[in-house]
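Two complexes are shown next, each including chain A; its partner changes from chain B in the first to chain C in the second.
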Partner chain A sequence: MADFLRQNAGRFFANNKKGENAELLADLNSEYRDRRKDAVKRVIANMTVGKDVSSLFPQVVKNMQTEDLEMKKLVYLYLMNYAKSNPDLVILAVNTFVKDTDHVNPLIRALAIRTMGCIRVDKILDHICEPLRKCLQDDNPYVRKTAAIGVAKLWDLDQERALENGFVTVLQDLVSDSNPMVVANAVTALAEMQESSVSKDVFVVNVAIMNKMLAALNECTEWGQIAILTSLADYRPLDSKEAENVCERVIPRLQHANGSVVLSAIRVLMIFMRYIKSEDFIKGMIKKMSPPLVSLLASAPEVQYVSLRNINLILQKRPDILQNDVRVFFCKYNDPPYVKREKLEIIIKLCNDKNIEQILSELKEYASEVDVEFVRKAVRAIGRCAIMIDEASERCVNVLLDLINTKVNYVVQEAIIVIKDIFRKYPKRYEAIIPTLCQNLDSLDEPEAKGSLIWIIGEYAERIENADELIENFLETFLEENSQVQLQLLTATVKLFLKKPAQSQEIVHRVLQTATNEIDNPDTRDRAYVYWRLLSTDPQAAKAVVLSDKPPISVETRTISPALMDELINNISTLASVYHKPPKAFMGNRAFSADAVKTAAAADARDEEQIIGDAVLDASGAPAPKNVMTDLLDLDFGSSEPAYTSPPVSSSKPASNNGPNYSADLFDMSSDMSGSSSSVFGGMGGMGGMGGMQQQQTQHQQQAPPPARNDPFGDLGGLGGFGQPPQQQQQQPTKPTQSSAENDLLGLF
Partner chain B sequence: MISAFFIYNQKGEVLISRLYRQDLKRSIADIFRIQVISNTDVRSPIITLGSTSFFHVRHENLYIVALTKWNANAALIFEFCYRVINVGRSYFGKFDEEAVKANFVLIYELLDEVLDFGYPQNSEADTLKMYITTESVKSERAVMEDSAKITIQATGATSWRRSDVKYRKNEAFIDVIESVNLLLSAQGNVLRADVAGQIMMRAYLSGTPECKFGLNDKVLLEKDPSNRRKTSNTVEIDDCQFHQCVKLGKFDSDRTISFIPPDGEFELMRYRTSDNINLPFKVHPVVTEIGKSKIEYRILVKANFSPKLYANNVVLNIPTPLNTAGVTCTATSGKAKYVPAENSIIWKIPRFQGQSEFTLTAEANLTAMTHKKAWSRPPISMDFQVLMFTSSGLLVRFLKVFEKNNYQSVKWVRYMTKAGNYQVRF
Partner chain C sequence: MIESLFVLSPTGKVIIEKHWHELIPRRVVDYFNEQVSKAMTEGEDVTREDVLPIIASPKYQLINVYRDGLTYLSPVTKEVDPMMVFEFLHRIPDILQEYFGQVSETVIKENFVTVYQLLEEMMDDGFPLTTEPNSLKEIVPAPNILNKVVTTLGATTSVSTRKMPHGMSNLPWRKAGVKYNSNEIFFDIVEEIDAIVDSTGKAVSCEAHGTIQTNSRLSGMPDLTLSFVNPRLVDDCSFHQSVRFNKWESDKVLSFVPPDGHFRLMSYRVNLPSQQNLPIQVKPSINIGANGAKFDITVSLRSTDGKPVENIVLTLPLHKSTTTLTAQCNVGQYMFDPVGKVLRWDVGKIVPRERAPVISGSFGFGSASDAAANAGYNIGVEFLINSHSLSGLKVDVLKLFNESYKPYKGVRTMTKAGRYQVRA
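After this line comes the complex of A and B, so read on.
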């Protein structure tokens, strides 16, 4: 038989001629058994490649009544696929099904009940209840475990009927079955039904049920163990003692060879840990959880990926875990890129002043690899270490300088971006390296890197002898630059002028002229107008605004809000824990409208990259929370208007206090301004339109998470927020991003 | 829960498609082809489009794909995909396009059995083989009689073993296979050294034998005060995982490994140690770039185990820059040769006695390049096998077999250490 199959295998798939259905029809009606079977196989092959063979329905179903198990299975497979398109003919099959559920062979009984449940036609519902009831009480556990899932299938079609027939109660009884696999399947079915039930009382895990599940846990298959562990996670213990007991029963699962069993056990442990009062017990649990988490890194790369995402999560909740294991997260040369990326994230999370030396030399190694995206991440990671650990900053800077000396284009650019942040964190500490940076002017072609270097030049203009030449150099291509670079150039020129008025009066004049006359981008143009007005009315005020002290930046290693964190811990090992997003964010059609999902996803995408990555983005004017831009303008106007009664707003004031009041003032300002220059007003109108851009970008973010870096629209979107009514700002969620992002924007000046 | 399961070939043609839930249509298969198979830059094994998530694993020339519309257990889905591959390998020898095409009927049967309504069921190849067979016609009769027994067993507490196994000679073979992972920095510091061990067992034992298995496990031996004196020779195991036949509760309480083995070959346990690793080989590379046109290599390898033992199939893979024009090399033992396709010098030493050392000297000539991109210097990697040696020092102390017939059984133990990721940076 096997040989026969092999010889004919090619034929099943290759036979693509036109009149094939007619030929199959003839074969299906053949008097020879082998011929009929061969024909059914060809039908299935056609079905697989997506051809419509539904017209053969009556002929195929005719072959259902046979003692040949293989043939029967093939016909069943066909039935499951095409029953929906031929609901009237399904009745032909029902009789055989019902007969099969009484067959002496338990395999056939189970097969019949399993298949019946998969035929989603109303007609079959009238006939399924009796056989199902019989099978639920079958002597054979194999039939019972199949019937248990069958109840879930019926429930999915018609909840009413399942309730009326008392199947829910039967299923609840099966949780105490003597066979572990039956228990596991009953739990699986009940858990699914509970989720979709209206009354939510189908399966409430109580002490009695929990004990039954724990008893079956030791004996069922790995998949059954996962089902039980998943339901166990829904139980809420009454007291600390009970939680400890459950944990003790679950801990042995950590030694299972199947990684998903281990992760499911970890989920239960992490949830129950909330209820345990004894610190010692928790310490013991953490100690027992670490080695299995490390062992997960020896599994298949895809499982590793899921594990790493979860470890990332657990580390944010319990930073004390895995403290001494940073080495196991070092990347192997041949790890897939997605694994390397996640390992890098975890290395940074585990970084402290004791292991920094080791980590730095490792990161430097990564920076010489070939995968450009990974190299960039490695360079950024070095910057994050510098900002996180003060004592290590000098070593980090040295490593970055080494990297700049490799002259590899993208490494140099990334290093410069990172160094800008180090400058902001530790002002006036590493100025000596500025000449080295300036040597690499010519190799910069990315807007962000250019912007960063320009910012550095502007910021330290008084210490760079030829700052005016350097700026001049950049200005040659001013009109062709990306708007992000234009903004930075504008600001840097103004800084240069304020610091060295004598040398740069001509430059600043020329730049402002060009920006206001020749640039169509309202954002750049308006910034130029603002500066111009500032400089002409009150240069001192301009100084106060543009050259004020920058608030320090910091790195957030915990990027998930506590509420979301709890929800994610409840979902360890699931998709939610991989995406670090609540389930509703990607299971769109189930509970949420598409728009809600988009917003949630975008918000989370922001959550995720908000460490230095974001700090950098925002500094160069990429997408930032809307209110940031508004705050920024607040500052401008506040200090430029001497008549303003409230205390002068300096940039060091925590910007989050500038609530709706300020922006309301702002509105007054802008109308005031429109008197002096009508084009400003036009510009504002233009910005209103930009709000739409951000919408687009939000969509974009959802599909490909944090690409936003070079997105010129982000900036406009940010300003778009300014054009919206003040109430908008109160709705801005207070996220941990806020402070760092706000600070970053200030860096623009 | 898995909503649908597909197998594609490399061209993106659907070879197997099985829907378990009604929440998606067959045409969803095309979306995966467009988004993943024809996309050159896929950066994650999980992709969510709309509300459908695609999980994929590549094996040989196949894409194994599971779909879900739920917030499903991601780890479970990947483990399950790998399990399907294992079952396929166990049935067909090789699980590739040819095997899938030749056996598609059987694969549909298996998929019907291992997943019900999207929930994984029994997926042990040995058990499945009892009732899903390639020769259905012949065994039909037998299945009728046995199926009652088979089904009870397939769902029971020892679902991995038939009860009526009989052997004339009762034997058990244990293979301890250790993979040493090493990462040595350019300065010669050990960045990472650990051992991933695997204990394979081939059990040819009659009846329902209860086995007890003992290792020189530090935690276990130090617990017993009578052993305190001879604890010098123990191994600290960081972590271990067991085959599902091992009673985990028992291991957790008193660290004894007891089990009823499946019939035939299986992986009894996996373990990991990182304490006191004996590195079988030391490598000292000296690589100097002379100007822009030449690189000099001097690589010294020393075997760090007893002179009574030998290592087999020692291979060093020494990377050279992409613009290498030619290499001249001489080795004090074995054969060294420049392989342009792999951008490296491959140095093979078929037999390497313990405590001996060999040197390779080589000179790579480089062609001039227009852009001066620095050479990324990938690490030197090494491959070897050393028989009767364990890097961790792990030893099997005993394997006891208890069976109600009280038969005598013969046990054999073998040790082998091989290279895992054995890499040296330079």
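After this line comes the complex of A and C, so read on.
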């Protein structure tokens, strides 16, 4: 050792900062204790700013042999820091550590065992086992609880060694310790070890362990309570009675100032609730859960954020919670944007016919905020309210009209998009406002808003006197438009023609001509072909197809599938509950638990996609990647607002299908084929196959797509997916009443 | 598990780092700084406060808290309870505040050794350990003038070195053998009002968040019972660890053996009805055109039981395009910050039946815009009322058991504005 020290010192002096370190060296060797102590402090200070003080190591360690507690602690502090970066150096002091685990002062014993655990090299294993065993049985609870964590540290280095030495058993015994703090630390250590253990039998919560944990719950520190509650959540009660008993013991924890204790308690309650049969008891629990959740909203914004994400989950599971508390979710102007957006989500979830008035005036207030993204969300929220609550729709429309009158560009555009949905939900109810909308025609520059207004014009062409002029107006820039707008224009023009053939024969002809000859985008071109042939073959059929009733839309405030929901409830107050994703989905390579992986795989792909979309939006403020397919087939709008869904959807589409390029390719292929066969339904068949989303389906036009799954893009996929040979498909449009589903879908064109 | 902590200066430099489990390389801080500056360039008025508190990186989840210019960053590699991380990260500046009176880059640098010792005591292997300031102060002595003098003179400082750590007595929050010549206990009931008030003066949402800060200087093991005149007012509450929860559930009294010194006995929340009489009324009127606006704001007292309202400050954030402002006020003084675009009016104190303070004036936008003309305005309000509790919660009596002395008891109440804003 002496050699090593000399070498080390030599290297140092050859290098740099001679002055300061030389001075420190002198002071560390001083005969005055306080000068030495002061020197150690300066060494630590230098160390924290990243200066290399490792050369002083032997002199510092020499000062460890002292009865001065403060000095000893300082040296330990120095060693603790070096334990991470230079474990080989620190292990030189191991004999002093071992000696100190016999010190009369329990603080020193604990400090020694704690520091030894922090030295993460294998060599320490030979030295630590005996002292650790001693400390686990120490008379002093402070030492025992420190040693409990020490076992977890040893486990992390060498699981075999920990098992061989019986430390796991000792730790399991500590769960019955008389001191609640020791119990809490034993639980903490065991839970951590369980997670990384291969056999998963280190810590299995049974009735006996649960009772011991419950007994310690009230007495230990807040952090101990979190550990105990987290472990309790893994226990599955045998019957309703037992579940009720546990809940009764846990409910007082809701009254804790630490938000993590509150949420951990709520997790236990939400999980155990599944086992409780008594409705009254559940009602009582729900009632007690609301006030603490509300109180969390008075905390720091970060705590609010996690709370809001969790409240969002809990509300989807138990819509009866927080029913009378919508006011507390109203946004303060200086809330951070991430808090505001979460609050808005919850306001919508709590919206009902009693509080709608209050919520509407609140949303209107938000529409005048500075944060554009938030304003858009608020406007969309008004639309969601209108669609959710029939009786309130008129008031919502009035608010939207007020907003349109502000002439603030992005507000107007967002409002028009929202009104389009209201028109879909309540056809023919609000025609009177169409002129007001049309006044804003020139200010629209976003494709979605433009498309929405065009859709409205096409849909109500017979009621709008100058519909042809309006369409004409848009057509001036037809070729420059984004494909979404082009598609809407095509459809709207055809609608106009079917409703007012006299005025618009020329227009429709021109549009179809342009679209088929001058537009390269296969989506637009193909649709134009379909219309053209439909119109030239059988205008009656075209009418039945294009002007048929649309499938109703509804607002889905519960965006998570039941399977994923249950898993997320199991994970309340974790990162999974913040992301609304199973832990596996974002914690990289690390499998969280076998259960999680299974449920994650089973989780509804569609749900995941929606949530992921949301998360992307939240995280980056950028719009979520759009599913082009959905755009094409579901009214060209659906996907950007996942809350709107066309009815029954259940899907298990392949993950690759949301790549826009992929679908574009498909279209390319099908359009080429339809061109060559020059058959209307060649194109249709191609599209159907594309809706079914399997590339090979489109490989050959004559090949009927295999029976396809139900597909969220709606019914067009269904058309391709019925497994009918193309010949049969050709006959369908002439018998438009054959299948209402097909009509619905065709009506979208 | 909270593996590591980095405390970053306002410029993103590492002031202090601490690794409780494995070493996490400093590179992660660079990645974090990049993400923060990226987020802040996304919008023109995105501030540091607006950056998400959980940022995903390829390898870590970067959980961070921003407080008083400093960032407390904890990168985690495993699933974790983020609420626990936030609670813990907030506890660090809380405790530094308790120790040093203020928290800043300089303060941390001047007290490196103490800060390190604290971080060491607060956490072991990624699991929070001791965060109760009372307990910490026994393990890590707070720097005081005596300490400093002693250190500089080079005399011995073994004053607090022989004490036993916590976890020894049956009551972890109270040490044994406390002795005072005069026994006294003080309760400070402070209520903060969080409210959103609309332009007609009606409260859109309104709640009082109260805390009972206690300073106990009592000998021995006193067992106290504090009761209220009207405890049913409270909608939600949380207590110090010492309070016996069952007693509160059954009798609505606080029964506890207090820690020694300062601690927070109870926090509570009272929902105030929307027809609640608020202590002051702020009447704004802002007439906006395309180029600017005329405004006047009147402040008047409403119901304060005849008590004066002090330290009234109104802040009116203006639209970003605002360039000029002129105003006059009959009371106090105003200031326009042309960079932050905020009008701040220090009203001072209003005594009942005095004339109402008014500020009026106009501001102009640099260029005409619909967005500026339609923007909503909110006024932040601060005030303070001594000896007043808006919720009406009142202490009835404090009884002492288990000790024979008669302590001196003091109760003070105060109401102040929390997040209190008026929509114009």
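Here is the rule we use: the second predicted complex is superposed on the first by the 483 of 749 C-alpha atoms of A that agree within 3 Å, B and C clash if a C-alpha of one lies under 4 Å from a C-alpha of the other, contacts with A are read in each partner's own complex, and residues count from 1 in each chain.
Following the convention adopted for this analysis, a contact is a pair of C-beta atoms (placed from the backbone, for glycine too) under 8 Å apart; a residue touches a chain by one contact, two chains touch by 3 or more.
From a predicted model like this one, the values you see are computed outputs, not experimental measurements.
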Which of chain B and chain C A:N258 touches, first, second, both or neither: both
Chain B versus chain C as contact partner of A:R114, first or second or both or neither: both
Chain B versus chain C as contact partner of A:D239, first or second or both or neither: neither
First, second, both or neither for A:E23, with chain B first and chain C second: neither
Partner chain in contact with A:S85 - chain B first, chain C second, else both or neither: second
Which of chain B and chain C A:D122 touches, first, second, both or neither: neither
Partner chain in contact with A:R35 - chain B first, chain C second, else both or neither: second
Touching both chain C and chain B, counted on chain A across the two superposed complexes: 41, 44-45, 48-49, 68-70, 73-74, 77, 81, 106-107, 110, 114, 117-118, 120, 140-142, 145-146, 149, 152-153, 179, 181, 185, 188, 192, 218-219, 221-223, 226-227, 230, 252, 255-260, 263-264, 291-292, 294-295, 298, 300-303, 305-307, 327-328, 330, 332-334, 337-338, 358, 362, 365, 368-370, 406-408, 571, 573-576, 578, 583, 586-588, 590
Chain C-facing residues of chain A, complex: 32-35, 37-38, 41, 44-45, 48-49, 68-70, 73-74, 77, 80-81, 84-85, 106-107, 110, 114, 117-118, 120, 140-142, 145-146, 149, 152-153, 179, 181, 185, 188, 192, 218-219, 221-223, 226-227, 230, 252, 255-260, 263-264, 291-292, 294-295, 298, 300-303, 305-307, 327-328, 330, 332-334, 336-338, 358, 362, 365, 368-373, 406-409, 411, 571, 573-576, 578, 583, 586-588, 590, 592, 618-619, 621
Residues of chain A that touch chain B when the two form their complex: 1-2, 5-6, 9-10, 12-13, 41, 44-45, 48-50, 67-70, 73-74, 76-77, 81, 104-107, 110, 114, 117-118, 120, 140-143, 145-146, 149, 152-153, 179-182, 185, 188, 192, 218-219, 221-223, 226-227, 230, 251-253, 255-260, 262-264, 291-292, 294-295, 298, 300-303, 305-307, 327-328, 330, 332-334, 337-338, 358, 361-362, 365, 368-370, 406-408, 571, 573-579, 583, 586-590
Interfacial residue positions of chain B with respect to chain A in the complex: 1, 13-17, 19, 22, 26-27, 29, 43-46, 48, 50-51, 53, 55, 57, 68-76, 78-82, 101-106, 108-109, 112, 116-117, 119-124, 131, 134-138, 140, 143-144, 147-148, 150-152, 154-157, 159, 183, 185, 191-192, 194, 196, 238-244, 247-249, 251-252, 267, 269-270, 272, 372-374, 376-379, 381, 421, 423, 425
Chain A-facing residues of chain C, complex: 1, 16-17, 19, 22-23, 39, 42-43, 45-46, 49-50, 52-56, 58-59, 61, 65, 77-84, 86-87, 90, 112-113, 116-117, 120, 124-125, 127-132, 139, 151, 154-158, 161-162, 164-168, 172, 194, 196, 204-205, 207, 209, 235-239, 241, 245-246, 248-249, 264, 267, 269, 274, 317, 319-320, 370-371, 374-376, 378, 380, 418-419, 421, 423
